[in-house]
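One chain, chain A, appears in both complexes that follow, with chain B as partner in the first and chain C in the second.
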Partner chain A sequence: MAICVSLRSASTIPIDFTGLTPKWTQDKSLGEIEKRKVLHGRHQIRLAEICRVSGDPSDGRMEFDGDFSLAHGIGAAMTLGSIHVSSNAGCNVGLGMQGGKIHVKGAVGDFLGSEMRGGTIRVDGSAGNSVGGAQNGSRRGMTGGTILIQGNVGDHVGHLMRRGLIAVRGNAGKFLGYNMLAGTIVVLGTCNSYAGAGMKRGTLILLGKSQPVLLPTFRLAGKTASPVLPLTGRHLKSVGFIENTARFAEPCELLHGDFLALGKGELFLSN
Partner chain B sequence: MENNFTKICGGTLYDPTNGIDGEVRDLWLADGKIVAPPSDPHVRPARTIDASGLVVMPGGIDMHCHIAGPKVNAARKLRPDDRRDAEPVHRTATTRSGTMGSVPSTFATGYKYAALGYTTAFDAAVPPLLAAHAHAEFADTPCLDKGCYLLMGNNHYVMQSIRDKEPAKLRSFIGWLLSRGKGYAPKLVNPGGVEAWKHRDGSRSTGLDDTVPHFDVTPRQIISEVAQAAADLKLPHPVHIHCNQLGMPGNWRTTLETMQALENRCGHLTHIQFHSYGGGDADEGTSSSKVPQLADYINSHPQLTVDVGQVLFGETTSMTGDGPLGHFLANLYGSKWISSDVEMEAGCGISPIEYKNKSLIHALQWAIGLEWYLLVEDPWQVVMSTDHPNGGSFLAYPQIIRLLMDRTYRSDMLKSCHPDVTKRSSLADLDREYSLNDIAIITRAGPAKILGLADKGHLGPGAAADITIYTPDDDKETMFELPRMVIKAGEMVVEQGEIRSTPQGNILHVDADYDREVEPDIKAWFEDTYSVRWENYGVEG
Partner chain C sequence: MMGHIMLLGPTEIVDTFAEAFRMRYLRLIITTVDEYWLDAAVREVTGYGSSVIGCDAEIAVEQLLDTNETPDGRPGASVLAFGFSVDALAKAIPNRVGQCLMTCPTTAVYNGLPEAEEQIPLGKFLRFFGDGFQKSKVLGERRYWRVPVMDGEFVVEEQVGVAKGVAGGNIILQAITSEIALSAARRAVEALAPLKGVITPFPGGVVRSGSKVGSKYKGMVASTNDAFCPTLRGRVETKLFEGANCGYEIVIDGIDEQAVARAMTATIHAAAGEGVLAISAGNYGGKLGKFHFHLLELLKD
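After this line comes the complex of A and B, so read on.
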């Protein structure tokens, strides 16, 4: 049995849940959990003032029941266990997480999995900007782990990403993989302009139906039947992200870039 | 009998200015000043502070730091990453909230300085065009008296006056600029070199006799003419010099030439650590310490003073009026960077930097800083600084004090550094240890004297009642990082780390007596060149 957190009433004020992780709740009583301070707007309040808490936290499972669009930092810095959100979640979901699993049934805000180091995040809906990206001013985005998004994503996905996998079933915004250092981003829908801008290393796999407008600082290396693609496809199927791998079997165009940076990035484009 | 005397009883005083080295004496205060004990022995003070067993010193004076103004605020904007993980300063009934990291927010800066026993601080690099910003931030930096030095070493009017051999114009301009920008002293940052860099990319290494493009003057001329003008204006702190070629291997020759160019005039060379390197060919791998040679010159020239600009290991933010230096650092470390061209006046470079003890260069910089403290014979000629935040935070001052007072601690830290440091510097051979009296000189009495602040840095009658009381401890870092009490102008500001009151503090600036006849000429040049109106330039009030 999991611990269940639900909002007492709809609020228009953001709530920051940073630190309310399965590890922290695991050995606490419901009373202790209810007394935990959370930031509500600019005020520190007890969790119980805004949320109902029930169930049993000992198995490391947490459920957020309801629309948490205004909740920041769900699963931030989590190390183990699992978090399930029944509807939407706000920004900074899984910020800096090191391990464990997060599943959001609805949509999430910006900075999903930002600076995460390990673990897996699944989102059934769409996500905002800077998925797996760096926080403002940081030198690194995500350095490990997996982010799987069924819907669309915003701009700057994988900004300064260093390692790990981001897969997007829907469409991606501008500056996909902006300044990325390494890691892999897969987009199955369409991709807006400036993909790979400033990337040093890393892999972008863009399998959408229509080709994105690419930067002139990427160079065509030719057609490829690289084993990377079917391998990635099989992996995504094995984790239940896609049902069939047909699109990963077709030959692709390979480009290198961004030659304004190191130029060791790979960009795979479906025909 | 009604009176407003405060008496600090039984403390052990360290007041080098008045020749008091660890003597138990009482101190009487009234109206924000230190006063002579009342002649009537029956007078009882309205308030008594028991300082028996405690160490009493004048309040600390930081004569070179970067705490307010455009570059400091730009650094705050550049480094949200630096603040995010730093413990925030929470609001209390008496204090405001703030953020830390290498560039704390304004109010937090005031509180943290005060909590460290400092009562006065000078921002060392303010472009006159944006001096109003520095003063606006000063208004939000409580608990300290503060002032700023105005950047003049690359000012177009300064260089034109020198080229045209018009020392009277130069003198009046410096007086006008200090008054208009509410500055305390002229500051030369890489004199001529910033302007040269603006013309020619790559010319980071402007030497004393290189010509500044367009202006046809040399850094040597700028240094000696500004020093002379400042002497003629009888400024309390004539000229504060950040030498050319900061950080470059082999720059010690330029530093020595700068000292020589001052001839017999007074001058202060700042963050001298960054200017004391042997080696050459812009190859950092060849760097070594040339402190012994430079300190020799200082030891035989009492009119010259230095502050150190000690480097400490860890992450910080480099901020400087030396635009080319910022560019160099950002390229060297591949880090983010802000550069600013302050039109007719100055430049600016800001970039994050991390000093690592396993890096030969960084460890050498650390050792060279310590060599400076230990090789300048007269402590009145050397001042403690980290060039906050360039070499490290002002919060590291207690650690520097321990490094100077405890040679075992020092040699242990040296052992943790890159092993080649001992081959390239003399630090391992230096076993001098500072006394509390020496520390009182390099942190308060000395800077007060160098700055010409007659009522600061000492505990004699007439001095401002800026007093720090410490609990003695064998570990000097412990002793200095948590003063028992800090008193500012007679008011209790800090007790054992807790802020008790937040006085506004005074602005220290000079109203130089200059020849007003030159103003129309300055105005004509100004209206011709600046992006702001003459009436809107400078600081009101």
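After this line comes the complex of A and C, so read on.
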């Protein structure tokens, strides 16, 4: 039986749940968990003042029941176990997480999986800006793990990303893979302009029906049917992200860039 | 069954056993754009891989794989390779993959034992052919190297798993004529085709030069099994049945004892028939190999 956290009443003040992870709660009693201090606006308050806590935390599962749009840092720094959010979640979901699984049924805010190092995040709705990206002023975004988003994403997805996989079933905003260092981003919908701007290494696989406006600092290599594309498709199918891999089996155009940076990045574009 | 003699149709099953050895094995999954190049790839990589007496590995196709069974959705084959040790495989396999599969159009090579405790480097070495232009892709827990080549990219997994297997299961059949013996041998090999976890690494799955341990010549570790050579009947103590003029051995390597036993049973049933006088097995008195497969016990089940 999982531990269940639900809001006592809707709040317009942001709450920060950073540190409230399955590992921390696992060996605590409900009383101890309720006494945990969380940031409510700029004040530290006990969790019990804003949330009801029930269930059994020992099995490493947490459930956030309700709309947590203004709750930030859910699953931040988690290392194991699983978190399920029944509706929306705020910013910094899975920030710096190292392991475990997060599943959000609704939409999430900015910085989803920012600087994460391992584990898997699934979002059934859309996500904001800087998915898997670096925090402001930081030198690296995500360095491992997988982020799977069924909806759309905002701008700067994969900003300074170093390793890992981000897959987006919907559309992506501007500056996809901005200053990316390595890793893989797959977008099955359309992609807005400036994809790959400043990328040094890494792979963008853009399989939307319309091609994005590309930067002139990318050079066309030609058409390719590399096995790595169907391999990626099969992997996404194996983790339950997509049902059909046919789009990954088609030959794609391959471009190298960004030659304003190192130029070892690559962009696969469907025709 | 009469006393220690068992008949399978007209064929006598000799009360003896096959002696097999503990070896290490790995499984490669090879894919190509179509069956033509798959055939070319597996022929090349399984060449000169019959026996570790003289080859760097015993290697053959385990199964052909459908497109929905391969990692990249292309036609494929799983190939099993057996070696004396992990180190022997670690030396042999990157060489074979580099020379025989990287060179073959459209191939990709994947790890068929990703869960194995021991892993040996494969793409980790071969990537250097990319001269700095190679790239890796990590999907889940697995790393794939992409080496640029003249038809696109050679994709090869970073490492390949090694596990403990059993090599040297065998049967020896004796027939009245070479035609009957060949036909029986082919039936036996065909019976193995649907079985997973086993290979018959010799040409067409069949050995004509069965061997015994040692030789009159210094330095030779194995020499002809004179007891089964029809032309030596009268000169040596023969194990051939009266009227037998041709013998063949089917050697079976498998992923475990059960797989080898199943395969041996299938070959015995398939090989027995009119004109096949006897089926026996090769052993070394039971002193060398850890695994003994008694033919009569195999047929009891």
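Quick notes on this structure:
The working rule: the second predicted complex is superposed on the first by the 271 of 271 C-alpha atoms of A that agree within 3 Å, B and C clash if a C-alpha of one lies under 4 Å from a C-alpha of the other, contacts with A are read in each partner's own complex, and residues count from 1 in each chain.
Just so we're on the same page, a residue touches a chain if its C-beta (ideal position, glycine included) is under 8 Å from a C-beta of that chain, and two chains touch if they have at least 3 such contacts.
None of the values given here were measured: they were computed from a predicted structure.
If you put the two complexes together on chain A, you find that chain B and chain C both fit without a clash. Applying the stated contact rule after C-alpha superposition, one finds that A:Ser270 touches neither chain B nor chain C. After overlaying the two complexes on the shared chain, residue contacts for A:Thr203 are found with chain C alone; chain B is out of touch. Applying the stated contact rule after C-alpha superposition, one finds that A:His235 touches chain C and leaves chain B untouched.
In the superposed pair of complexes, A:Thr21 makes contact with neither chain B nor chain C. Contact with chain B, but none with chain C, is seen for A:Gly137 once the two complexes are overlaid on the shared chain. Of the two partners, chain B and chain C, it is C that touches more residues of chain A. With chain A fitted onto itself, chain B and chain C come no nearer than 22 Å, counting C-alpha atoms only. No residue of chain A lies at the contact with chain B in one complex and also at the contact with chain C in the other.
Within the complex, the chain A residues that touch chain C are 146, 163-165, 184, 201, 203, 224-228, 230-235, 238-239, 245, 249, 264, 266. The touching residues of chain B, when paired with chain A in their complex, are 78-82, 84, 335-336. In the complex of the two chains, the chain A residues touching chain B come out as 135-139.
Touching chain A in their complex are the following residues of chain C: 31, 71-74, 108, 135, 137-140, 144, 146, 152-153, 155.
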